[in-house]
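Each of the next two complexes has chain A plus one other chain: chain B in the first, chain C in the second.
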Partner chain A sequence: MKPVTPASGKKSPPDMQLTTQRYKRIATWLLIVIVLVLCSIQTKVTPYQLIVGLPQMGSLLQEMIPPDWSYVPTIWGPMLETIQIAIVGTTLGGIIAVPVALLCAYNIMPNKLVSIPMRIVLNLVRTVPDLLFASIFVAIFGIGPFAGMLALVFFSFGIIAKLTFEAIEAIDPGPLEAMTAVGASRMQVIIFGVVPQALPYFISYFLYTFEVNIRAASVLGLVGAGGIGLLLDRSLGLFRYDRASMIILLTLVIVLVIDYGSTRIRRKLL
Partner chain B sequence: MIQFNNVSKTYPNGTIGLRNINLTIEEGELVVIVGSSGAGKSTLLRSINRLHDITDGEIQVDGKSITRANDRELRRMRRDIGMIFQSFNLIKRNTVLNNVLSGRVAYHSTLRTMFGMFPREDIELSLHALERVNIREKAYIRADQLSGGQQQRVSIARALAQEAKIILADEPVASLDPLTTRQVMDDLQRINQDMKITTIINLHFIDLAREYATRIIGLRAGEVVFDGPPEEATDEVFAEIYGRSIRHDEMLGGEV
Partner chain C sequence: MRGTTSYKPMGARIRFWVIAIVILAIYYWAFQGMHFEGIQATTKSVSLSILDGFLHPDWAYVYIPEGEDLLRGLLDTLIISILGTFVSAFLCIPFAFWASTNMSKRIAVSGSGKAVLSFIRVFPEIIVAILFIKAVGPGAFAGVLALGIHSIGMLAKLYSETIESIDSGPQEALIASGANRLQVLRYAVLPQVIPQFLSYSLYRFEINIRSATTLGLVGAGGIGTPLIFALQVRNWNRVGVILLGIVVLIILTDLISGWLRKRII
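This part shows the complex of A and B:
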């Protein structure tokens, strides 16, 4: 047996590897810092700006406190509308996502002539931000919650379909084979082999998207697509920061409650 | 009766799975297929219910060609052929009863099964099937809460609920311990004898093959190199099937 402590002099191969690894790590960090600094100089996002803006932030906060509690009765209606937009938008988006997710998954739809175009459409939908959807639909259908709801349908469809088809591709193929062997039709293979395996994931993604949509729906009003955002925009325009803070506070409470509920359900599912 | 007429199978990548197989398996036989890894055992079994398409020849089940069956006929024929897998292939999150009931889907319309509307008789049949493999009391438990041996019995019950006339089992005991292995093999044998269900089992334990089979078929490189009763399958014969002498791990051991 050789002594465990390495002798001085030449480094053994594992040691060399360690050293190169360390250099690589330092180089990576250096690169990140350089990119950050360059970006902040280019876009003029600097700590200096933050310091200059600080006093203004203080005065704004001062005007926000205390929130205007008398405003609550006025904002209840739009707040409810916001939640409704999110519920309907997520539900419709989720429903459309199911067949599309099945058609995208290679293990269910081995015919690439179908699955690949489906994936391309899905990816296109996913590149459009929710507010852009909302602006487009406001332009088409006019100002109001319908445009906002439609925007969330597309937005939710994109998220849910993408996550679900990836979950479907990861399911155990065994039960599908067993159902095929039993003489099941393609639809029956999906119902008895795919659905029971993918459903918990689907519900989880659905709830997650609903959480995201509640937040998204509360700013849809900024582009005229209904919900609480419209009032927020108006309050800010009128410099009624006490009312704005009331809206923000209420939104925060509702988002927190829904996040809490949905996280609990999701944890139980998976 | 299952008939192989000049059956060959070449996989799309060029690998030869089966070479000119000619076999007739009579009703009520318990055939064990043996052969080293890659010999084509799974390919042979899966070509019977067309989970794998063959590239040449024809397979007939009870006088009807499954090779030439259209989609509808194929599903109809598969309905009569139960299959048991090494990895059980149950829906783990579903109850045992639901797993057994899923053997009935081919008897009903898609719409009806979609809403889980299985007739009362199907449920009776499924419970009865569970009774046959001695796990009736587990009917309402989630499948993943059972041991491996119990899960394999659920999959046997699924084939029984299916009212299969033929059972194909691809290494049904490969992931079980020796004790449960015997229980599952006993179940399969009992069902074969009591109900006259033609049973074809892929096994890699030589002693189990000799103990349970009424007929042993040896495969080597996609060809049938032995076909006869277990008494004729001596150690020398097995050495020839495997192309080498028998290894220790090819014996389950214990009481034979």
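This part shows the complex of A and C:
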């Protein structure tokens, strides 16, 4: 299956192209290998470490099975708190996201002096990971679910506003033009033209962010921001791996149930 | 506008109200758990000192000739996400072929593959990182493994969707001319999917660099470790410069990776 090359004579232009392509490919792979080797030298991450670590991983898994079922009543409360944090955080983030999304969309806010700074702020908010927000808010407001909720407000605001303003920009301009032509005000155009078209997308993104936030909320406790993560941290610190695996198991079940429900609602919407 | 609202049938109206009451009840319950009154009295002074710290970042921390500084932390974070993405980009290829419906004749095979992938996806990467820290000890290695394993879930799903969407023409032509399975894979499937694979891997790299900044918060290497130390001793000037570094690093990698992705496709 090799490319056919003429046996003798000067190479034709397509052949030259093939050779340069091959050299380029070899150069790319070489570059990748060099970067990888440099990376593993810098951080001392080598396959050798993996081989050394494998037996330890095995014994860790052995200790995690079977999970400590008697721990369920204790973790049920923090688990519910995790869900509460996710619900409130997503909702407040979604509410703040609405005006910002409208201000970011070029077809609603043609004035670029407003929309471009809004977009820059949005991009800046989205660069900060949720756990970083949480660790800062824990420092400000103290340990507890309130810090976690605030972290999720900022985190989900970034996601929902970004996705929603892209959906708003993609809506059908027909109804908006018709309304403007008959003399509707900016507010009326938004309420009767934009909202009906963008609402299903908004709710869908809202639910998607909620799914993301349930996962995020389950680890917020590791930095002290409430929820189930605190207990996970504690049981890992006490080397109670059977309890840790119970917490992980319950989190998985809750995440799967919420994912399933939210996906069904989203399918109905779009 | 009011006169045009049509009256909905009774059943739809009852359904609407039931849903509304359920949602209100959920919100009532959720807000109960937030303890708004539990906010510390020191909040104001702490916020002011944080603001002061952010306005006067600890520039001396950016580069210290000997030992731990911002640039080395960011470099470690970058390396963890590069290696993690690389590990998962290769590990997920067999998973992707396992989970794609057009690569196996039985639906049970691809169905089980998809189930395994969604199982991997539910684990938050921080939890994966903690488990690896317990197994191989704290450090960059645990971070690389955590990202490598966690990313399989998403990458293999995207890869398998790419494989499912390929044109079956070249594949059939090769089979008709007597090529074996490996040759079909090499000359019909791979050329079609490689650009998309690369693009998805870069996209995942953008996500991984965000995760890598937080992995250090639990001890899995990178910039998160000095950040959590600075937070614990309330050294806000240092926190400010570290956050600034993280934001700059993420923006830069997003720009470079976005440019590369545009060139690939």
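Heads up, the rule we're going with is that the second predicted complex is superposed on the first by the 222 of 270 C-alpha atoms of A that agree within 3 Å, B and C clash if a C-alpha of one lies under 4 Å from a C-alpha of the other, contacts with A are read in each partner's own complex, and residues count from 1 in each chain.
As a working rule, contacts are C-beta pairs under 8 Å (C-beta built on N, C-alpha and C of every residue); 3 or more make two chains touch, one makes a residue touch a chain.
No experiment lies behind these values; they were computed from the predicted model shown.
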Partner chain(s) touched by A:T127 [first = chain B, second = chain C, both, neither]: second
Of chain B and chain C, the chain that contacts the larger number of chain A residues: C
Partner chain(s) touched by A:G144 [first = chain B, second = chain C, both, neither]: second
Touching partner for A:F192 - first (chain B), second (chain C), both, neither: both
First, second, both or neither for A:Q56, with chain B first and chain C second: second
Touched partner set for A:L18, first chain B, second chain C, both or neither: neither
Chain A residues contacted in one complex by chain B, in the other by chain C: 192
Chain C-facing residues of chain A, complex: 1, 35-36, 39-40, 42-45, 49-50, 52-53, 56-57, 60, 80-81, 83-85, 87-88, 91, 123-124, 127-132, 135-136, 139-142, 144-146, 149, 192, 215-216, 218-219, 222-223, 232, 236, 241, 248, 252, 255-256, 259
Sites on chain A touched by chain B in the complex: 172, 174-175, 177-185, 187-188, 191-193, 196-197, 200
Chain A contact footprint on chain B (complex, rising order): 49, 51, 75-79, 81-83, 85, 87-91, 93-94, 102-103, 105-106, 110, 113-114, 155, 158, 162
Contact footprint of chain A on chain C as seen in their complex: 1, 26-27, 29-36, 38-40, 43, 46-47, 50, 75-76, 79-80, 82-83, 86, 119, 122-124, 126-127, 130-132, 134-137, 139-141, 144-145, 179, 183, 186-187, 210-211, 213-214, 217-218, 221, 227-228, 231, 234, 239, 243, 246-247, 250-251, 254
